[in-house]
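We just call them A, B, C and D in the order they show up, numbering each chain from 1.
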Amino acid sequence: MQDYQSVRDQSVKICSSLEIEDYIVQPHDFVSPPKWHLGHTTWYFETFCLREFFKSEPFNPHYHFLFNSYYESQGEHVPQGRRGVCSRPTVSEVLAYRRHIDGRMREAESMIATRDPESRETWRNVVEVGIHHEQQHQELLYMDIKHILSHQREQPALAGAPNDSATETAARTWREFRAGVFETGWSEPGFAYDSERPRHRVFLEDFRIREGLVSNAEFHEFIEDGGYQRPELWLADGWAWVKASAIRAPLYWTAPGKQYSLQGEREIDPGSAVAHVSCFEADAFARWKKCRLPTEAEWEAAFGEEPCAQLWQWTNSAYLPYPGYKPFPGALMEYNGKFMSGQMVLRGGCLATPEGHYRSTYRNFFYPHMRWMFSGVRLCDS
Amino acid sequence: MQDYQSVRDQSVKICSSLEIEDYIVQPHDFVSPPKWHLGHTTWYFETFCLREFFKSEPFNPHYHFLFNSYYESQGEHVPQGRRGVCSRPTVSEVLAYRRHIDGRMREAESMIATRDPESRETWRNVVEVGIHHEQQHQELLYMDIKHILSHQREQPALAGAPNDSATETAARTWREFRAGVFETGWSEPGFAYDSERPRHRVFLEDFRIREGLVSNAEFHEFIEDGGYQRPELWLADGWAWVKASAIRAPLYWTAPGKQYSLQGEREIDPGSAVAHVSCFEADAFARWKKCRLPTEAEWEAAFGEEPCAQLWQWTNSAYLPYPGYKPFPGALMEYNGKFMSGQMVLRGGCLATPEGHYRSTYRNFFYPHMRWMFSGVRLCDS
Amino acid sequence: MQDYQSVRDQSVKICSSLEIEDYIVQPHDFVSPPKWHLGHTTWYFETFCLREFFKSEPFNPHYHFLFNSYYESQGEHVPQGRRGVCSRPTVSEVLAYRRHIDGRMREAESMIATRDPESRETWRNVVEVGIHHEQQHQELLYMDIKHILSHQREQPALAGAPNDSATETAARTWREFRAGVFETGWSEPGFAYDSERPRHRVFLEDFRIREGLVSNAEFHEFIEDGGYQRPELWLADGWAWVKASAIRAPLYWTAPGKQYSLQGEREIDPGSAVAHVSCFEADAFARWKKCRLPTEAEWEAAFGEEPCAQLWQWTNSAYLPYPGYKPFPGALMEYNGKFMSGQMVLRGGCLATPEGHYRSTYRNFFYPHMRWMFSGVRLCDS
Amino acid sequence: MQDYQSVRDQSVKICSSLEIEDYIVQPHDFVSPPKWHLGHTTWYFETFCLREFFKSEPFNPHYHFLFNSYYESQGEHVPQGRRGVCSRPTVSEVLAYRRHIDGRMREAESMIATRDPESRETWRNVVEVGIHHEQQHQELLYMDIKHILSHQREQPALAGAPNDSATETAARTWREFRAGVFETGWSEPGFAYDSERPRHRVFLEDFRIREGLVSNAEFHEFIEDGGYQRPELWLADGWAWVKASAIRAPLYWTAPGKQYSLQGEREIDPGSAVAHVSCFEADAFARWKKCRLPTEAEWEAAFGEEPCAQLWQWTNSAYLPYPGYKPFPGALMEYNGKFMSGQMVLRGGCLATPEGHYRSTYRNFFYPHMRWMFSGVRLCDS
């Protein structure tokens, strides 16, 4: 298990160069204010560890309403789109809340040692999920901060952020695979989310998959070839989205040859991998290339041994339960399972994924029109 | 190939006991007026057969706009939600249009015999798709007419309609299957949609699947047990739908113990299979039963030899391309492929499916909140 | 009092050249299907005369729900925007309903003679309002039929309709008035709506008002001068409407130099009065001309002796109660008073106003963005 | 003319006990973040004084976009509903902007003395409007801060705010007036908005008007008598609003007997005047009392000599131009005139109106469903 406190500290550190004002705003419903992330990840430990195991009194009775995300079993909570209306508690109060709960967690760790082995095991699991949960929100913090700052007229940079304006793409060569039964999913003793389990067999027909991600230059060709104006390249839902939202380029391509990045406005590097595209755009690009997106099983067969990548890669697999899927027990059953509808899987990790958080069986998921995550395009072919 | 004229006549016959007024209205965007179905299926033959192979002049220049459904390659068309605003052409003019095109198709059949073999083959394929397309719309006619008549205060019956108020359910026994490689999809010489091909291998882990569909009595128990009020039973998108649409029972359950059917208002028969449930409801019910919905591959492994059922059965498989999928050629590429996003597969056929239209590899698909099709619940288990 | 039966017959006659299909559709919420008008005006007599005075049984229990427009005191009714979903009752059934109620009204007229004088007086008033109500709906029938037919691709004409494609405009001379106290509103013994009463005094400062309405040629100049692109000419709500609805010309100006009229597509006659403009457009035009719209008191002071005009004329008066206003008694209190919010007054009558329906104190009213009534522009100046 | 700097300082002082976070959020489109008010009022002086008369360089090129409210002549601006998305500039930067512009204004005042008399006169007028504009925003600051703080779970008070939880109501006696010609509007040499001019004559019929405003106790009776459930008491638009927004009490009545005030949560004082009601509620209450709301001319005839009140009072007059109305010249023509559509006039001033800002001819205006201003109910009768 990773160290609780160092993971906790990292969340605060990511935000440390923000202005107070930046912690508060919510440009769209799908973005959460940084302050909310700092409160919510703390609420996790207060609710599922301290309250559950020690019946602790709430730090502040309003926080249970304000910092619950979507756990219906935990009662009413502020609607997702109204997080940006909460000026109170202040950032400073939320940081105090974090310190308080961290202190209580340290005490709890010593007290839990006196409990029976089953309780100790459950505690350990809930804390471990909490640490990984915190790390997921660290990646979300980068996504949401980037979105918030991109909405400001002065387009400020985020000091200390990973470099997202220049990424590597490997060669355009293909890896080839022969049909057969493959194993997929997590079976090791260490931590993995419920949705990555159980390891099971899948049959894959012949396929090949490209070594390097699609580059900005390749995507620019697609645009130049009228890619955003040709319905025959698009899924019907994607085409409706392109028209309704007047989409004409990847997110953060702000002007010809320019993009917004965590380093501020930068030239678009033709050789870097295209980023911040939706699954609809990835799919249209692949069709234009007379290719397709990989399934997640194909992806895992091909890249199951590789380290965390710089960009997530859209697959054409819906986020659905593996055969034999069992959700986390208790209130954490809501962690993943209830989102298995309408969303698509991304694989591979990205430059904003915290160290120690990634596994090659990791199933990230978003709705197919979303593109504020660090997402790129991997091509596949039969 | 089925007989062109007898399939064409059947569409008109389904509507023959309607009042003129019933052909026109559109209670929701997803419902089309019967008049539109009669025009659209005719437009198919005019556009993809007569115009394509014989450069025929349009019967009426407005019809190309009014009766195109969603073929972007065919230009602008009336928005789906505005079909119910078109009082013109009249029903009588649309019936004349049908007779005219049917006459031209008979002439065309004799003329095509003089063409080269490849043209004859293409012609035959496009006509065959057109006949199956017409049959799909016959099932849609029953769905849409039921929806339209259910919106009338007097709740009229549809004379000559199949009996949808009392269906059979087989025993509650289970069929068991051992893990292994199965084949799925169509490989026979006869007709199948592009999305059913190619036949390919899948690996299935152990599963069992219930013989009989879920009954009204079982679903009533779910309701009595607070099924519609318990978020832990629902997918997140499903729960949002239940709350936003104030869903409390299957569609057409109009009053306690009563349902609207094509025979008018009827008692709900406890032993009949529950119908008109969304995928969200089917999934919540299955979770309440500590079961799950089958995947489409499991369904096909279990019921691949059976004839057309009385109700479609939701699977928990997203409607996605099979490995090696190739869309129909030409303009018909839009027929299926572009809808492979966000929709779920139903299997099995139903009482409104025309004879000769069904195959055990048939993949029907709808968004998971939809429920005006004749849809039931099949349980599965690992 | 006008003759009941001849007014009733006129409503049916207006629709007599429609196809059955045209009676049913509702292109926008503000338009009602002709069938609904025929049913609703009949429901008035059934509800406020036969049921109120004779406790008559309902002709059909569903009609009370289907044909009530907005009388909250009469219970639930079909939402305005769902009138176009009702295929039943059929047109033929509604015509039978009309004949039945007309027969009952004839019987009632003879029976009422035996009642006490106060009842006879009340009856007479309610019938008289009913007759004027029917005439209001005759004008609405022309407005709604025009809108419905204009939405059809073939743009059919309405046989027997008044000529709305060529209207007269008087000279561009001005009538001048000196400041003083004027009387406005109805005080004669004959019929007038409650909102036209009581006659009362207003003080008007000096003003002048133009003899002739604004012509198509003048309005075309406004367009050519960028009228629809210049925010400084528009009220803020009007400018928001122009942008949101992409307004660029009067309603029914379908192509350069062309308009849709009840005679079908016609050339726009430069000398005719511009019609089908909203209050926002009228106001912007007036500002462009360095004039303004008249108030309704100014209008009445100037044109109070004139007969019914060819086009209604927007005033810049909000539809608000006159000092001492008393609504009609009983359920008819909802007839006018509750609409005195957010709407603007039009004066003068139009070519679709039935003979005998108009008075110079008549206050027509619509929301300022509406323009499917026969509305023109009268200029005024201080 | 009031003193520029002391008015300017007052805006900052109103906000001085807020947390930084409170300056940023925007709970609804009609509310502006306090930071925005501080920026916008400064932008007024920069744009219409410094830039117009001295061609000064912009302090920051982004501010012209961010702090323009609705002046179309000044180009594009941030949409009203997106003001709460702007974390930048920070509060501290906006305060620096204020200080900078105030310094430049001091310099400008001395330089303007060397200009020709006409320029000096224009300058003086534009500065004077700017000072009154700043004061209008001071009242808006109280309205918006109250709304923002009321949305916080902890319901904080605003230190230094006027007491809005206990107001006086005078006796329930009536002032009576006889019919005649009255004068209304501003004609004095001092400052007034364009919409208050010119002074002109109106004719009023007999009326009486109540001395004291409607109390919380009286409004509570209305609620107890089913006022919010009885459609016959409401304007049609008001009833639609009550149903759509589930209105059941004045704004800020948070629990039985409790209200949110600028002093935090307080008991509702029965003897105080009811506040934060919409025009729809005021109108329904008046109808329930068998009274009506006054017109603005009646109000001015009755209370034209009185000082600023504690609550604004809804009139039943639409906000429309007075006869002979001339908008302010130049860009300030957009200040008032373009809002003369769909809004209702309030009269009397309120506890949040800055000293020296009020005149008895003052015409405040809002849409009839709005109620976050300090608005009460004055009864009138014929």
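Methods note: contacts are C-beta pairs under 8 Å (C-beta built on N, C-alpha and C of every residue); 3 or more make two chains touch, one makes a residue touch a chain.
Source: prediction; values computed, not measured.
Using the mean of the Cα atoms as each chain's centre, the chain most removed from chain B is D. Separation between the centroids of chain A and chain B, computed from CA atoms only, is 36 Å. Chain B and chain D have Cα centroids lying 57 Å from one another. Computed centre separation for the pair chain A/chain D is 45 angstrom, with centres defined by C-alpha atoms. Counting only residues that touch two or more partner chains, chain B has none. With chains as nodes and touching pairs as edges, the resulting graph is a single ring in which every chain has exactly two contacts. Chains touching one another form the pairs A-B, A-D, B-C, C-D.
Of all residues in chain A, those touching chain D in their complex are 19-27, 35, 62, 65-66, 84-91, 148, 151-154, 156. Here chain B touches chain A in the complex through residues 70, 72-73, 179, 181, 200-205, 207, 231-232, 234-239, 280, 292, 295, 316-318, 320-321, 323-324, 333-334, 338-342, 368, 382, going by the rule given at the top.
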